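Here is the structure we will look at, set down as structure tokens.
Chains: A, B, C and D, in written order; residue numbering restarts at 1 for each.
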Amino acid sequence: MIIVMRAGASLPQIDGVREHVERFGVRSHVARDGFRTIIACLGESDALTESSVATLPAVESVTRWRTPYRLASRQLASHGATTVVRIGDGAGASVGGPALAVIAGPCSVEGREMLLETARGVGRAGAGALRGGAFKPRTSPYAFQGLGLDALRWLAEVRRETGLPVVTEALDPRQVELVAEHVDVLQVGARNMQNFPLLAEVGRIRRPVLLKRGLSATVTELLLAAEYVLARGNPDVILCERGIRTFESATRNTLDIAAIPVLRGETHLPVIVDPSHAGGRADLVAPLAYAAIAAGADGLIVEVHPRPATALSDGDQSLSLAGFRELMRGLAPFATAAGRTLASPPVGREAAA
Amino acid sequence: MIIVMRAGASLPQIDGVREHVERFGVRSHVARDGFRTIIACLGESDALTESSVATLPAVESVTRWRTPYRLASRQLASHGATTVVRIGDGAGASVGGPALAVIAGPCSVEGREMLLETARGVGRAGAGALRGGAFKPRTSPYAFQGLGLDALRWLAEVRRETGLPVVTEALDPRQVELVAEHVDVLQVGARNMQNFPLLAEVGRIRRPVLLKRGLSATVTELLLAAEYVLARGNPDVILCERGIRTFESATRNTLDIAAIPVLRGETHLPVIVDPSHAGGRADLVAPLAYAAIAAGADGLIVEVHPRPATALSDGDQSLSLAGFRELMRGLAPFATAAGRTLASPPVGREAAA
Amino acid sequence: MIIVMRAGASLPQIDGVREHVERFGVRSHVARDGFRTIIACLGESDALTESSVATLPAVESVTRWRTPYRLASRQLASHGATTVVRIGDGAGASVGGPALAVIAGPCSVEGREMLLETARGVGRAGAGALRGGAFKPRTSPYAFQGLGLDALRWLAEVRRETGLPVVTEALDPRQVELVAEHVDVLQVGARNMQNFPLLAEVGRIRRPVLLKRGLSATVTELLLAAEYVLARGNPDVILCERGIRTFESATRNTLDIAAIPVLRGETHLPVIVDPSHAGGRADLVAPLAYAAIAAGADGLIVEVHPRPATALSDGDQSLSLAGFRELMRGLAPFATAAGRTLASPPVGREAAA
Amino acid sequence: MIIVMRAGASLPQIDGVREHVERFGVRSHVARDGFRTIIACLGESDALTESSVATLPAVESVTRWRTPYRLASRQLASHGATTVVRIGDGAGASVGGPALAVIAGPCSVEGREMLLETARGVGRAGAGALRGGAFKPRTSPYAFQGLGLDALRWLAEVRRETGLPVVTEALDPRQVELVAEHVDVLQVGARNMQNFPLLAEVGRIRRPVLLKRGLSATVTELLLAAEYVLARGNPDVILCERGIRTFESATRNTLDIAAIPVLRGETHLPVIVDPSHAGGRADLVAPLAYAAIAAGADGLIVEVHPRPATALSDGDQSLSLAGFRELMRGLAPFATAAGRTLASPPVGREAAA
């Protein structure tokens, strides 16, 4: 149930409504958009009728949920605008605004030097944030699992040196706090999209969450996973389409390009695309990236490695630094066509650092 | 096997090679690209060795097939260029060249007047060809199956009146000749992609074929279906990605956007996209169309109906004429970003008609 | 709309109802089950109301369709029983009755002798019918396409010599009559499940049709394809589950075992299973066959080749004659557990021939 | 690498081999089967050659891995036999032996009384273990999430009272120890099949693990997930096929029946089937259960609720107690046909308790 209060509703009136609904075992969540207050009711009760709410003082309207997600729904957003999620302190680092957000970096952090080299390279080429895996979810227990705490420290150091905000994946609810101390954005990977204890933990922190769509998750399930994070109090969720599993074997996954406009219609949360995992081939990154921006995505997350041939993981789909610069040059006209801008390189920040 | 002859190979030398391979039950197909002659061998024989061919006079190189398709392979195309398929006699009507081809019109031809109205509307907005179904493959035997011969005649009349080339689907090998007499391009629909007798028939005619990818066909299977047409002697095949079947139910099908660059790498045949069937929703046509062009497609086929709400089939995914004009306006900057042009409206032709 | 007439309704009363509904452009189809007459109305008309029918003389009840298929629906079958489709003249040759129907033979007919050898072998082991491909739908135009008319003649000869009814696939609407002259059952293959001109042709003949589910067809679409055949007047349709296309690559297709009980609930048509194409591996044929019978299937169609290693097509999934005998021995206790019998070998018939 | 030592190899010889391989950064794992010792090497090193191992004292053979999983591979199992996983202390409670294991109970534990009622009912009907969810992974944050610790306690109490071993799901690595104190088998659910921290935790405990296949996981990925558990030292893993996600919507998931014989060939771990989640419909449980046993499954896990219509979760797919008794009666002949037995009801144990 979404309850819209009249403009000018007083705090006691708002509290009155909340007390009423909570008597039915329903939690309430208050959102304000400058002139209106909206109360989102979480949990359902057949005993709580619309009419019992509609007659309370200062209630303008009462709407039953049309969708199973609520906080993620575009219905709730002020004026229907896309939420802008700020990452880090930099000027260019936000997702969902007019500037496209491009997050780039290696699949795995393999060392301090390679990370710094990559960060400088992608930053100069126009990336707004650095990605790099410290803990890697690998299908086989015998594959490289990431460098863990060392990698986290290097990410934090490279952030200080370059001014680029950093993104890394958290796999384990017990790691969330530690990871949040070192990086700007916590990624929840595709395999963990329905890892509910992990979603609950990232819902409690004060860091944006990059939530990747599961390999066989529907758009609705992705939004319900986001809802887990939002319902815990963390409003900063960035959704990421990264390909779904189908019968087609020419590509690693099948990029569901239509998910971008579908999500745009359903939710106020920003949506980015991972063309590296979607296609699984370096030569497909650019066309998929251009298509994503044309379809309305708010940004990209791209695997870049200084020497892809020697990468410890995902080398086949990584761009070189030169390949990334070419991608960014090729992206510019599509960004313009889509009415978006590309953030300018954070030269000032690195110079200042 | 692909045999490349030396520049200056004589006709008797070329015939000598063909006689040699045909002795092994292998058919040969000759292609020339100005300076070289290439002999493609169709059918396989273990007894026919590479070395027995390599030592014949004027043979430059012998390559075993790396891919199961041969005539469709980019290897065989002169200089690797994309084949330009001309449709009709109009200047703007070709697929695979620098200008994007936009084919638009109703799912089903419902009458002469609505067809003419649609043709004029889409032509003025920049469509290069008119689509319209005369024979409709419908999942249920009780659904509207198309107006058949009447619809074919109206298509031919509207072509004469507007100068727009017309595209329609053939379902039955026995219809192919009749359909080819009335229209410029024969469509083989997704459900018929592996209807081999139909592929053989459209391979014998002198009309371009628009071959749609099957709902669960891989990219390789699509190319092998094209190979059936090419192997019968019809070189003018246009491939069409129109969405594949997956678990996601937010859209009618899942547009496999990566198929465009994958096909571009594998084949010299031009590739267009059908955003109407892919998404199944009118509101998704524009973002999917923009994404298709950004990913490198050579054109679009779009369902347009003067009054979508009353369409006899596929109304949910049809654009109105106003919606189509808006699509074309929105498309222009993406075409430019992709280094392509949009054909100008065929005003002169209609004026002249 | 299904109209049930009262017991004792006269012919003029029945005709009166038919004339009424046909005035609305709706075709009527009459079925009798001994004591009641049922009129199935094909085609829809909003103008034809239930109440206008219910008040006609001798009408007992009027039911709007709950499902998109009608003639295939279990609703229409007398007493809800499964339709028994008789194939050939032999005693053991029927599908849908208490005895399981096992159809066995080579993927392709490769010659008269191998066909006769296979027929004798599978017949002795308990098969009720012989399968063998004369026209093969092959993904590649360069693969073996079948021996055509020669193969048809050998099938007819082997039928005469062994008494086993024969099943073969028809690919082309123009072949249907010819094929029907030579064999007992016409198969419509998975790739042709929505080849509507072919469905229409097999709907006109007096031979049972074995309709295979398409690689990405839903159960509902399979029933609608059967409806095309039934609506043309051929009541003898056998459905065949043969695996669907999914992401799993350990098997050629994924046998949708649940389709058997789902179809059993939805339709009165008998259902068999093809474990050879479903798994694509000879070692999986037996466990999938046992599972199919346990789930309620009415029979099996199995690929058997005297020398699988040298088969021209599908050797990997073919059983040898010894393998088939072992399958039949293993099947017996599962048939008993499922309350079914296995037909005894048609010894008498061959002896008599 | 699998190293088989000669019969009679001494401990110092075995240790010599282990020291050798560990010098290359490769961990070794020793298995004995009465007369031979097998050393499985975990982790890969190109520098560690087969010949350097083959020449060590008492080494009989050295085999490079043919499959990405090692401990789960049938290659490693003594004599190729299926591993029998014992659950609880009861005589009938083991999975992988000649007796089929049937685990039954409610989706969620809703209270002490309903749990005891269900346990008694399913125990009398022949179930070998009780299932019941304490922590529920739910797609929506607003759905019922389980009763947690209370439910765990009731499970432990009901176990004491009835003698039935109990199975429940653990969602969170932090819960694993607590859950293991209360129940006999820890389930890792489909959504957590690639939750690697959770797999690591259940790999450290001394309780059998029931590992469900992910909704879009391949058979290989399932075996690699099992490998995570085995590699941590827990040898008691039971695999569970519970349906995969496909385009078909007539059932909740598509039971991949072929996965049973495929797994049987690949691994020595026992395999059970969940017909309740696979079909999502109570009326499909019996046919899918019979098919599973016919295909070679070692057991079943079935949802049973005393009053399905009022179940807090998954009511549509739950059997009533009467329905479960009917399932077990129907199962008996299929168990016999498959050469298996059904455990007799644990009457003695409850009487003794």
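Basically, a contact is a pair of C-beta atoms (placed from the backbone, for glycine too) under 8 Å apart; a residue touches a chain by one contact, two chains touch by 3 or more.
Note that the coordinates shown come from a computational prediction; the quantities given were computed from them, not determined experimentally.
Novice: More C-beta pairs touching across which pair, B-D or A-D?
Specialist: A-D
Novice: In whole angstrom, what separates the CA-based centres of chain A and chain D?
Specialist: Their C-alpha centroids are separated by 35 Å.
Novice: Distance between chain B and chain D based on Cα centroids, please, to the nearest Å.
Specialist: Taking the mean C-alpha position of each chain, the two centres sit 51 Å apart.
Novice: Once you find the CA centre of chain A and the CA centre of chain B, what distance in Å lies between them?
Specialist: 38
Novice: What are the residues of chain A that contact at least two other chains?
Specialist: 216, 245-247, 249
Novice: Chain adjacency by touch: line, ring, star, complete or other shape?
Specialist: Basically all the chains touch each other, so complete.
Novice: Applying the document's contact rule, which stretches of chain D touch chain A when the two form their complex?
Specialist: Per the stated touch rule, the residues are 42-44, 68-70, 137-142, 171-174, 191-192, 194-197, 214-216, 221, 224, 227-228, 231, 245.
Novice: Can you list the chain A residues touching chain B in their complex?
Specialist: The touching residues are 216, 218-220, 244, 246-251, 254-262, 265, 278-279, 283-284, 287-288, 290-296, 333-334, 336-338.
Novice: Of all residues in chain B, which touch chain D in the complex?
Specialist: Those residues of chain B that touch chain D are 245-247, 249.
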